[in-house]
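Consider the two complexes below, in which chain A is the common component and chain B and chain C are the respective partners.
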Partner chain A sequence: MSNKIYIFTNLHVFSCTMIEMIKNAIVPESRDLAFRDRILKTDVGKKIPTCIQCGICAGSCPVSHEMDYTPRELVRMVQLGLKKEILNSNTIWICTTCFSCSVRCPREIRPTELMEILKPIAVAEGIKNKNSKFDRIFSDVVKKTGRASEFLLISKYSLEEPGMIKQAPFGLSLIFKGKLPLLPDKMEGTDELKAIFEIKASETKEKEKKEPAEKTAETEVEAGK
Partner chain B sequence: MPENGQESGTQSEQAAKKIGVYLCRCGGNISDEVDLQAVADSLKENKDVTVIIQDYLCSSQGQEKIKKDIEKGKVDRVVIGSCSPKMHLETFRGIARDTGLNQNLLEITNIREQASWVHGKEGIDSKVKGLIKGAIARMSSIEPLVPIEKKLVDRVLVVGGGIAGITTALELADGHEVILIEKLPFLGGHMIGLSKTFPTLDCSQCILTPKMVAVKNNQDITLFTQTEVAEVQGSPGDYSITLKHSPRYVDIHKCISCGACAKKCPAGAIFLPFAQAVPQAYMIDMSKCKQCGDCVKACPRDAIDLEAKEMKSTIQVGSVAIATGFEPFDLSVIEEYNYPAPNLLDAVEFEEMLSAKSKTGMRLQRADGSFPDRVGFVLCAGSRDFTGRGKKYCSKVCCLYSQKQAQLIKKMKGDAEVWIFYIDMRSSGRRFEEFYHHTQEKGVNYVRGKIAEIIPKPDNTLMVQYEDTNLGLKGREIFDMVVLCPALIPSPGTKELADKLGVPLGDDGFIEEKHVKLDPVSTLNQAAFAAGCVLGPKDIHDTVTEGISAAHKISQFLGKGMILIPPEKPVIFECNGCGESVKACPYNALSLEKGKAVLSPLACTGCGICVPACPIKGIEIRNFSRNLYKAQLRAILSEAPGVIVFIDPYAYAAADIAGVNRKQYSSLVRFVSVPSIHILDADVVNAAFEYGAVGVMLIEGTTDEKLTSRSDELYRKLKKETRKHKKPLRYSHIETAQYEKLTDLLNVFALQAGAKAEKRGKKEQAETADDEIKE
Partner chain C sequence: MKYSYYPGCAQHGTAVDYSMSVKAVFQVLGIELEEIKNWNCCGALHVLDRTARVALSARTLQSAKGLDLATPCNLCYSNLMRANTAYEDTSLKNRINELLVSKYDGSTKPKHLLEIIVKDLGLLKLAEHIKRPLKIRAVPYYGCLLTRPENRFDSPENPKSLDELISTLGAEPVKYYYKTKCCGGPILITNEDLALSLAKDLFVMAKETGADCMVVTCPMCHLQLDAKQKAVESKFNIKIDMPVIYFTQLIGLAFGLDHEELGLKKHLVKVDALLNKVVK
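Then we have the complex of A and B:
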């Protein structure tokens, strides 16, 4: 709870000297409107301003109790453009993409897809925490072998996340019982897989460059349908 | 050819016309998008026309200006460019009446709902210029007509015996004859199934029963229960309505409710609906009845007839009040609630448990008969939902009645726990916030958050999962009973009844008011009025207010004794007696007399289906003649090519709603009003193509099957006969509520037609270029 944002209505608190001491307040400087507009322009973002904060997303979420901010709070923060808090939260990484929130939202906001939009932005901004590290290592492993090798994943993650050392005995017992094969299973034609990843990456880059123009054209066609 | 004669005639007359064109800025609503000065400038060449641009033409100042111009003789025909004629045509016709100008010589061109509100700046000026020119072309050869008078039948049909219908009937009965029909076997509607009423907690039966008895005792009110409208014939002011009476098997006039029958019945099939029921008579549930005949023998008054059949009767009425109310939304479509389940009720079921209709002796109990110590209320169940699963609107009464029910539980058992799960607590209204405050004082627990899931447990308790959004924490509770407060939707059959009466519905399924704020109980059918929840969810206070209003409006309508019907009827100027038009008329308004077709104007609806039916083109509808359309089309398309959309009055209303909702569509679209699309023939459509239409659409909105059943045939015929132009023609049926479908269709069609025209243009250019090279 301590890292949550509090709105201080008490005017005394808002004296200039206090602002620096209290980080947990929404002040104009904490809002990034360009970031907000970038999200709101996407297909998923279009519905975000219509959120009624009913909380059905968080109530439905199987992991919302683990999140810094519940999906409902994340949507509210997008409305305000609290870029730093959003990208540093563990919410976007913890989401299991079960889509319960998206199915039940009465305003057709799709929080699951919102997370998918926010993740690459967090990566591009160079934000690192234990959840984002895990995601990156996982996709690296898949890129290399074409399979999700548990051993590679765990060992690489342990190297970057020192806290994992506590889990070592558990990992060893898994290995002894043959539940954690040491040699990664490799699929055939990993070169082709690599090429696919590269094409996708270059496409995304190009798209980002063209984005504003393309988006409007697309929406026009959709409206025409 | 008669056409030629008419045309030359109008041309010679044209020189004398003084047409005043008044363009309304509408406080920026129009002038922000449309360059009205440019429109005015484009009309400079026409010597017959004076253009005046004004703000708020509908204001007394604006009206005064038009009035003065007419009185001074500056203008003798008026074209107004403003909002929809559905909004202000009557206002402006008032000016015409005051100055003695014939009402046909004043028309409105809609440049707000169908232009400035639905297009961006691109292409809008040329569209408006075209529309105004079209209106001028039409106005210059319109003939002044006098409306036809028809006598009204001074009798009212009130459909629905709930509080809305009862109020309307009682208010009307003082001076008019009323027939009140109710689908169920007893009066009272949903209100008789309420326990107490907010915000005063007075007993619903105590205030309603006297009114039900008053209905029964009033000599001017004829009450039919178990009755529905089967068929509607005739026209506003003079309807002939067939009623369908389902059998009750007990004669309500003979039954003295002694109960002798019920004592004898082995199946429990004969019963009194509830103690205060009006009419006071037993009824038989045929699904339980074993036809043993014991009740027939037991009845001392010989009131029971097990052989009773469904009956029909026909009544003559001048006006209809629709008060068919609501029903709760079916919550089983919302999977996460797992409704129905034991102890998971909707609020209507909860309410009935504590009311006169109670089956538990007005005792609050769970499925196993115990008292629920922990009760949860879930607000907005199926409401405020934009996904298409539920209903978009707020059902208005749930916030208050759930609090009332919470208070009742607290009163029954002080230490019972009551939780109300809400999104926004809406208690606007006199004494409502105080009521909210009072419920809080009683110790009811309010949770701001929508229930995410309700899981029925094996022990018949219910587990709910939610987020307390004030704390940002997920929560889980177990309740003995959960009450879902469902969205309220129009009762079944509302659409069928509305269709029969030609009354459009909104996209939410409720009846569309004539004007949402200023004429809230009138409908687009001048003889049909509505009251209560059929116009949207509301509480008893508002329902009664509307019942009184509807009664007043009906009384006013019938008080005139006469109704004016539009004079735009067919005129038969040439007839060879072939009888084709007589066959074509679905309303039997034409007949053959002495080898000639003759019209009975009162039966005619002016749909125009006889016009294309006549093989020698000897019939025209007054002021909707082929030549008038051609002149209008030529003028509309003289500015820029566009898509011509022929639209009937019902679909026109849909376009207006699209405008009010600012649904954007292509500015290529130019609407041309037709009484019905069946007035059109290849003559007019071909003319549209010749004058430069890139495409033509026929949009029909009427729900009258007599017309819609022939639309396909019409479309195929027109398609065949206009094939030579190789331009797209389309037909579509749009009901008033489907304005979104309308705008989607318009956009797609305009896009396709525009693209096709462009392609053709390029091809032609290439061809001419080729020719040049060859040369």
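Then we have the complex of A and C:
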């Protein structure tokens, strides 16, 4: 008899903990509905509500074992609007952009492209890591010279990432083979490219101007529910 | 046959060997590749702004001046294809065209060099130039972006074009289950440990097939599998010693071209054993 009570109590404690955990994971405050809607409104996001959580994306991903959240989980988290968890996860930066998930998804969601639209949002929110550094340097080099000279890229990246010094022998072996020209390859006149890179900046500003209004409307709708 | 040619950034750097073999082989085939003037980078996977990336490719596609646009690189190819798809959205098209000095109408067809050889030229025509059938076994490795995500030239799950090319040259394409599995190239600089472990999986499977070499279609895959092969060997304490060659180099060998002219001396993994087998 006493034994039974013991089990019962334990179960009770266990289920309470579970409920607490679930509560902690998805309390209304951890959901950012404006963020969710911003993603769902994009061409990539419009199919996200149709996800059936089958997991073929996670199963196809060559690197999901290294991710904080698998692509399947990420899609669900977007549905829930878990902005902070999404933007702080390594998932979007681990993705190798191989598109295996995207060609297999039965709902035609493209998780690869979801990662692509999340990256600039993460950067705008102040997320910094090796990938964001490299991507920034890459864009900068292309904007200024029109082409991605490998030597220039790696030199600039090494200045910000001192651990790259370990790669010096590798770099030298490429130089000896004539595969890493030291003079950067350039195109003529990069004004057009500057305009290309600046278009988005102005467009994002416009969006930000519009967004606060939308945000209030959405929050009100949600509160009304 | 004549195409506009978009070499991409790697051809002027780490893929200079690829570039040499493309020149040599296409000359034999009599296919003219006219390099577009003042081309720009496609943004690879690192220009994070998607609109900017579409615009970069649109500028390139516009420069093709009515011809199909040939490219040797899977990454460029995928970006060009995706830009065309994005251009189906008229408002995006108009917004980008406002920035371009010459407007792009969305009609240029980008083609990978493999596609040009297998589909446009045809393997029967290619076979006419073979002087030295290759008695070797080769791994057909397609990588990711040749067939994904656009899926317009070959199957994204089980592509066959490179297999067929290898057979045409007299060699045997081995059964290779990882033919479209990622090699880790895109994360090589920022996440080397993970990148090398992905490459290791490919090598272990390739060694199991007993192949003489791996055949690739992309400068990024080549950098990862050839130049980084030593790093994989020392990290996982295994012996790989697997020559990795571009499909154009393989064609060149079957055409009887000199291996130096094909850039094979520029590889980091020695190809001597492979050459001995070819010449025999």
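Rule of thumb we're sticking to: the second predicted complex is superposed on the first by the 155 of 225 C-alpha atoms of A that agree within 3 Å, B and C clash if a C-alpha of one lies under 4 Å from a C-alpha of the other, contacts with A are read in each partner's own complex, and residues count from 1 in each chain.
We take it that contacts are C-beta pairs under 8 Å (C-beta built on N, C-alpha and C of every residue); 3 or more make two chains touch, one makes a residue touch a chain.
Fair warning: this is a prediction, and the values are worked out from it, not measured in the lab.
S.K.: Using the touch criterion from the header, give the chain among chain B and chain C with more contacted residues in chain A.
M.R.: C
S.K.: Contacts for A:Gly55 in the overlay, against chain B (first) and chain C (second): which applies, first, second, both or neither?
M.R.: first
S.K.: Once the shared chain is lined up, is A:Arg110 touching chain B (first), chain C (second), both, or neither of them?
M.R.: Once the two structures are laid over each other on A, A:Arg110 reaches chain C alone.
S.K.: Quick check on the superposed pair: does A:Asp37 touch chain B, chain C, both, or neither? Answer first, second, both or neither.
M.R.: Once the two structures are laid over each other on A, A:Asp37 reaches no partner at all.
S.K.: Give one of first, second, both or neither to describe whether A:Asp135 is in contact with chain B, with chain C, with both, or with none.
M.R.: Second partner only, chain C.
S.K.: Report for A:Glu73: first if it touches chain B alone, second if chain C alone, otherwise both or neither.
M.R.: First partner only.
S.K.: Now for A:Gly146: first (chain B), second (chain C), both, or neither, which partner does it touch?
M.R.: Once the two structures are laid over each other on A, A:Gly146 reaches chain C alone.
S.K.: Which parts of chain A are in contact with chain B and also with chain C?
M.R.: Overlap of chain B and chain C footprints on chain A: residues 100.
S.K.: Which residues of chain B touch chain A in the complex?
M.R.: Checking each residue of chain B against chain A gives 336, 380, 384-387, 390, 423-424, 448-453, 465-469, 472-475, 744, 747-748, 751.
S.K.: Enumerate the contact residues on chain A facing chain C in the complex.
M.R.: 43, 62-63, 66, 93-94, 96-100, 102-103, 110, 112, 116-117, 119-120, 123, 130-131, 134-135, 138-139, 142, 146-151, 154, 157, 170, 173-174, 177-181, 185, 187-189, 192-193, 195-197, 199-200, 203
S.K.: So in the complex, which bits of chain A are touching chain B?
M.R.: Per the touch definition, chain A meets chain B at residues 4, 50, 52-61, 64-65, 69-70, 72-73, 100, 104-108, 223-225.
S.K.: Which residues of chain C touch chain A in the complex?
M.R.: Those residues of chain C that touch chain A are 9-10, 12-17, 38-41, 43-52, 55-56, 59, 89, 95-96, 99-101, 144-145, 148-149, 151, 156-157, 180-182, 184-187, 189-191, 194, 198, 227-228, 231, 266-268.
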